[in-house]
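In what follows, chain A forms one complex with chain B and a second complex with chain C.
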Partner chain A sequence: MKKIVAICACPMGIAHTYMAADAIEEAANELGYQVKVETQGASGIEDKLSPKDIKEADLIMIASAVKISQSNRLEGYEDKIVKVELKQAINNSLNIIKEHI
Partner chain B sequence: MEEKQSVWKEFQEHLMTGISYMIPVIVPAGIIMGIGIMIGQFIGVDANSAKLLTSSDPFLKFVGWITQVAGAGMMGLMFPVFAAFVSYSICDKPGLAPGFIGGYLAKEMGSGFLGAIAIGIFAGYAVKFLNEHIKFSRTFRPVKNLFLIPVGGTILAVLASYFVIGPIGNILISAITAFIKMIGEFGAVALGAVISASMAFDLGGPINKTALAMSMQLNTDAGVNAWVPAMIGAVIPAIGVGLATIIDKAVFKRAVFTDQMKTDGFACFLLGFMGISEGCIPFAIKDPLFMVPLNVIASGIGGAIAVALGTSAQTGVPAAIWGWPLAHNPLGWVLAVLVGSLIVCAGTLYRAKTLSKQ
Partner chain C sequence: MEDKIINLECIHLDLSVTSKEELLERLSKEAVQVGAGDSSESILEDLWNREKELPTAVGKGIAIPHCRSKSIKSSKLLFYRLKQDIDWDVNEKINLVFAILTPDSGNNQHLVLLSKLSRHLLRKDFLEMLKNSSKEEIINKIKEIIGE
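The block that comes next holds the complex of A and B.
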């Protein structure tokens, strides 16, 4: 089964982060993919992606309006990273995933 | 598959990173100062008076200390924290130290928020440049990472502060202050309206954050009453839309919104009072051509009312209802939110049919 991981972050870390996370999870579920979304909100990192998650993933989606924390975890996996705006993730995750996987 | 980002996008991301780390500093700072000032008003002293700090009355001394030393000290941290994390966003960890000192100097030299932006950007790119252009063999890499980069980057940031950013920042800030004085009271009201309206435009999006940054800058550096209108613009759409979904039954004699919307709307209403505008987004998305102008106009009116009534506050006083009493003339805040929200509420009810279409 294909696996998608994502990291979401926004300046306030209250709403958009989680809206994007929900949208990505929903889209991945609809396509029948395994999914894990890390949120970097006002309360810090939740559902943190482990090195194993990152290694196994077929697609790493980054939906963020700020610099994401601990981005060194992603070093070496640049070829499967796709960076999108939060708005795109919230409205259009399904197509983004379809397009890149 | 990194997609190419435009320079402006990149710049925006650095600023937003700085803001996102700064907010958790200025919110408690604003509240602590606000509480000190509020206690001062109660007992009839000016909490910002230097005399309090040497007062023999322990309580008065504490009120002065918590406002001027603890509160203002924490507020002053906003500049270093902001500049450091702008720089961090550009070049990662080595950017922090030069950013912190640059932001501190921006505060000390009076170039304020503008200076902090400039030095954060400068420090970040300076360190990035050093990092990329100084090449050492693996054995000597510690010399580079522990000595050359932090010391070199910091020296560059310090020199840039002294010779460029400090002086230019001061000129800019004097110019802004003079401009604000020139436009006078009517201008201040108009400015409040514009800030408040911009906050409501995209409900937490980039325009909202730009308006927030501007209001911080004006409120902190130039002493313009710009913070309260920003906070008011942040809550009016959410409270107004939420209210509409709560009272629709009373107005139309039947529920016009779907159950889902009523649940969302109630949450949106409560979140609005906590200073969070994002709950309103689902409603705005459904009917943007009507809802966005409605939110913008209503919030603009609210912002204008607050400034016209002289409601002002420390930067960082939250938009949430518990921030309201910390302002000077809180009644203006209540009135501004009330009028603005009622306009949004009326507009939302008017468009209820369109909004509840699936």
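The block that comes next holds the complex of A and C.
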């Protein structure tokens, strides 16, 4: 089964981050893929992606408007990474995933 | 004593405003009235600063102005259902406004509640509810989600 992971982060970390996370999860579920989304919100990092998660993912979505914390985890996996604006993740996750997986 | 994050006076249905400016100004004044903070000018300024950073229209006719700042002393949620569409960001018309105001300081508890709410915000059934339900129904649904 295909596996999607994502990291969401926005400036204030109270709204966009979670809306994007929810949208990505719903889209992945609809497509029948496994999904794990890390949120970097106001309460800190939640559902942190492990090195294993990143290694095994077929697609890594980064939906952010700020610099991602601990981005060194992603080094070496650039070919699987797709960067999108939070708004795109919120509205268009289904198509984004279909296009890139 | 903990203030409730949202109550009936925070919800306004069939509001008639003609612009984003008018709405945000009204929002900042009402924020003071419901006890979010003391200065509507500061709150308004913080809301505008946030707007400049990242657009808060998120599609589906809904905007989420919000701020996390020193001008807020008590977390509040305010909801507006507009009588007619207004322009928000470039090429974005909205008719539902969900404002989330939180203090700058720790208070993790509220942040957890608000993140729960944000996750629901764009779900089809939640939006349908926001568009069609009464004030009481909306409050009850929100309280159910945040577990208050």
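The working rule: the second predicted complex is superposed on the first by the 101 of 101 C-alpha atoms of A that agree within 3 Å, B and C clash if a C-alpha of one lies under 4 Å from a C-alpha of the other, contacts with A are read in each partner's own complex, and residues count from 1 in each chain.
We take it that a residue touches a chain if its C-beta (ideal position, glycine included) is under 8 Å from a C-beta of that chain, and two chains touch if they have at least 3 such contacts.
Fair warning: this is a prediction, and the values are worked out from it, not measured in the lab.
The superposition on chain A brings chain B into a clash with chain C.
In the superposed model, A:A65 lies in contact with both chain B and chain C.
Legend: residue contacts after superposition of the two complexes on their common chain; A:H100 is shown touching chain B, with no touch to chain C. Of the two partner chains placed by the overlay, chain B and chain C both lie in contact with A:I14. In the superposed model, A:A42 makes contact with both chain B and chain C. Residue contacts after overlaying the shared chain place A:V82 against chain B, while chain C stays out of touching range. Shared interface residues of chain A, touching chain B in one complex and chain C in the other, are 10-16, 19, 42, 65, 87.
Residues 50, 53-56, 58-60, 64, 66-68, 100, 102, 108, 111-112, 114-116, 118-123 of chain C touch chain A in their complex. For chain B in complex with chain A, the residues that touch the partner chain are 1-3, 5, 12-14, 16-17, 19-20, 23-24, 88-89, 92, 204-206, 209, 276, 278-279, 281.
If you check the complex, the residues on chain A that touch chain C are 10-19, 21-23, 26, 39, 41-43, 65, 86-87, 90-91. For chain A in complex with chain B, the touching residues are 9-16, 19, 42, 64-67, 71, 78-84, 87, 100.
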